[in-house]
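Structures follow.
One chain, chain A, appears in both complexes that follow, with chain B as partner in the first and chain C in the second.
The block that comes next holds the complex of A and B.
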């Protein structure tokens, strides 16, 4: 069984922070809850910073282990470790605010990410060709037709038709339709988020070992 | 108005929590334990079983959302899934590996794995290197996850959490390695990408059903029933609002 004390602490803190959101600031007699909430949130921000540091350290150590593995050492990990040390060293020496440091980091990061985005575009194009191999049924057809149709509607190619009486209104309807569909999905996700949060508050989901 | 919003919010939370507890009671569970079949989740359960049998690895990627951000609910689902996957693969020769794109999530994934092994009385199986930060930015996270999919004999990739459209690259990499992929995200753009690229995907609130379908616990099935009830309430409210708007009645 997981540690009941830590579960109780987590639930109590969760309830205080949640309650803080529902208490209007002008309600002076419950002001202490708002104060406690802001202190707890401040601690959480500090912990998040430390956790990020721990995560990065873990990333570094995993790649050092892969690099020095006796069986099949990873050559790419050598690159990561070398550039990690260089970035850290120069970052500490020059500080991240240094414009030259920023320029060098950006000059490497932006092209790499842009090329990955390019690969994603190619991947998606091929995936759309293979869609009907992967998915059978009506939904795949609806998805493909919707993608092409709303791409056409959103591209502005049909903009001149906006002025035609009758058609303009229909086009406006089709332009709003994806927004309505998106909102429907987001409502479902919001309800799911609510229940996921409640499970943590009730101690049923414990993303901590205690 | 602020008072009204606060009251409605508080009432929603209290009523929802109460209903969830009620739905978890044995009396209210009788005859309601059957879940709607979702092919993707049935295939996932089979893939987990096969991975354990043939000694290949399961990879759970729980996204890049910080636990302090508004999109953390999907990360919580990812952590629940990771715990259940760790429990289901206890007897496997290769323990599951978890990747994330945020420092807090990587610490929590390690903690989740540790808890799963400790509860199963096999704490010696825990290896902190199995919960990894793959990269601190969206694309470095994707780039850092590629070697795991490619080199670590992964037969099943479960991508559950907050991802951008770049997650399509992970799904494609998994496909190239002939691994089973179940991918889902709380972001709309990624859902569209995953529908086209991933072998199996979950749309919308199906993401939050994942732990219930992996039989994580009674409360997860109760939360699914609560979601159904809340969905009908929202549908009713939308229809009512539309009707009132049509009649020209304004309440607020």
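The block that comes next holds the complex of A and C.
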């Protein structure tokens, strides 16, 4: 068996946290389990924060290595490293709540993110045209009709029809149809998460042992 | 003056990102590298001030005996996790990783069961609840159609099939039929999602174009 100690740690901690979900807060005699669970989850939040820092630090170190490489150094990485240090330095000094540091969000992050989203509109337009050129199946036809219908609904063009008796009801019915597929997809994701979680708690998957 | 500089920064970055419409180029790369650098720094700052400072550093420096004792274990685990940065000492990080994976698995199971499965199953069953005041044949019929769509969607993603020697693996006719119905419902859902994303993207595009035009107009008018 690979990494038996770490497997025991993952399973035992996981089972204690999972047990907490099945104990109602009214049961005072089992309250200690809820307290332990709360402490364990609190520690996990700290570790998740540190893991995020490890990820950020790794990104920084990778780009430092790329910009200092002897063969083909990446000049763009210099920008990333410099702006990372500036953002981190000013952020730690000013705190994230400082209005001056908030400009980092409003003047750099928001414009870039919104512009990327804007480019997505153009890309999606071309992609939808390509869909009809390359794939002509049942799914593509239903997808296109649904997309056009919901674009019309979202634009408000069908709003006058929604007040007409009979037609309004039919439009409402069509608007509720995506619930079925959405519910199926959500249930599928939940069943997948459940299986993946159970595999870890049963020791079948050990992503920490590598 | 400061606002003017930040507006100019936003203006230039927007133009640099939009330059991608003419293909991948150095302006777009500069903007994306700056964005990643600034965002990574921002994430590190937020994690420090929102998580590490209140949950680890302050209890350790200002807390009582119990609080200090309780943060010793996460402190040690955090130190062990930091060794993941170095390939030579990465093995030391297995303990905190096992801890995180264990908690993550339990939270995922709890979230899936109590957050999604029970809620969605109850939502699918609610049109058939005859004790409700708004129960009607029409509502039940619509509920039945939605139920067929939900089961069909799940059947569409079912890839288990029986196989016999010298014969291709095939699913049962019932599953095939449900899968076909599921395909239609998935198409409808993805179409609705596409319409939503497209509307949002179009709104963002118009917002950025309006911003560019406003800045240009302000410069022209002095």
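Please note the rule applied: the second predicted complex is superposed on the first by the 202 of 210 C-alpha atoms of A that agree within 3 Å, B and C clash if a C-alpha of one lies under 4 Å from a C-alpha of the other, contacts with A are read in each partner's own complex, and residues count from 1 in each chain.
Here is the rule we go by: a residue touches a chain if its C-beta (ideal position, glycine included) is under 8 Å from a C-beta of that chain, and two chains touch if they have at least 3 such contacts.
All values derive from a computational prediction rather than experimental measurement.
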Legend entry - Between chain B and chain C, more extensive residue contact with chain A: C
Inset, instruction - Give one of first, second, both or neither to describe whether A:182 is in contact with chain B, with chain C, with both, or with none. - result: both
Inset, instruction - May I ask you to decide whether A:134 touches chain B, chain C, both, or neither, giving the answer as first, second, both or neither? - result: first
Legend entry - First (chain B), second (chain C), both or neither touched by A:204: first
Inset, instruction - For A:62, decide between first (touching chain B), second (touching chain C), both and neither. - result: first
Inset, instruction - Would you sort A:124 into first (chain B), second (chain C), both or neither based on which partner it touches? - result: both
Legend entry - First, second, both or neither for A:96, with chain B first and chain C second: second
Inset, instruction - Could you tell me if A:18 is touching chain B, chain C, both of them or neither one (first, second, both, neither)? - result: both
Inset, instruction - Applying the touch criterion given at the start, work out whether A:170 contacts chain B, chain C, both or neither, answering first, second, both or neither. - result: neither
Inset, instruction - Identify the overlap between the chain B-contacting and the chain C-contacting residues of chain A. - result: 18, 21, 44-45, 47-48, 51-54, 56, 58-59, 61, 76, 109, 112-113, 116-117, 119-120, 124, 128, 143, 147, 182, 184-189, 191, 193-194, 196-198, 200-201, 207-209
Legend entry - Residues of chain A touching chain C in the complex: 3, 6-7, 9-18, 21, 39-54, 56-61, 76-77, 79-89, 91-92, 95-96, 101, 103-122, 124, 128, 138-151, 153-155, 173, 176-191, 193-194, 196-198, 200-201, 207-209
Legend entry - chain B partner contacts - residues on chain A that touch it in the complex: 1-2, 18, 21-24, 44-45, 47-48, 51-56, 58-59, 61-62, 65, 72, 74, 76, 109, 112-113, 116-117, 119-120, 123-124, 127-128, 131, 134-135, 143, 147, 182, 184-189, 191-202, 204-210
Inset, instruction - Using the touch rule from the top, collect the residues of chain C that touch chain A in their complex. - result: 6-7, 9-11, 13-14, 17-18, 20-21, 29-52, 55-56, 70-71, 73-74, 77-78, 81-82, 84-85, 94-117, 120-121, 123-124, 142, 145-154, 156-157, 180, 182-202, 204-209, 211
Inset, instruction - Spell out the residues on chain B that touch chain A in their complex, using ranges where they run on. - result: 2-3, 6-7, 9-10, 12-13, 16-17, 20-21, 66-68, 73-74, 76-77, 79-80, 100, 102-108, 110-112, 114-115, 118-119, 128-129, 131-137, 139, 142-144, 147, 151, 165-166, 168-169, 172, 186, 188, 191-193, 195-197, 199, 203-205, 207-209, 211, 217, 219-220, 223-224, 226-227, 230-231, 234
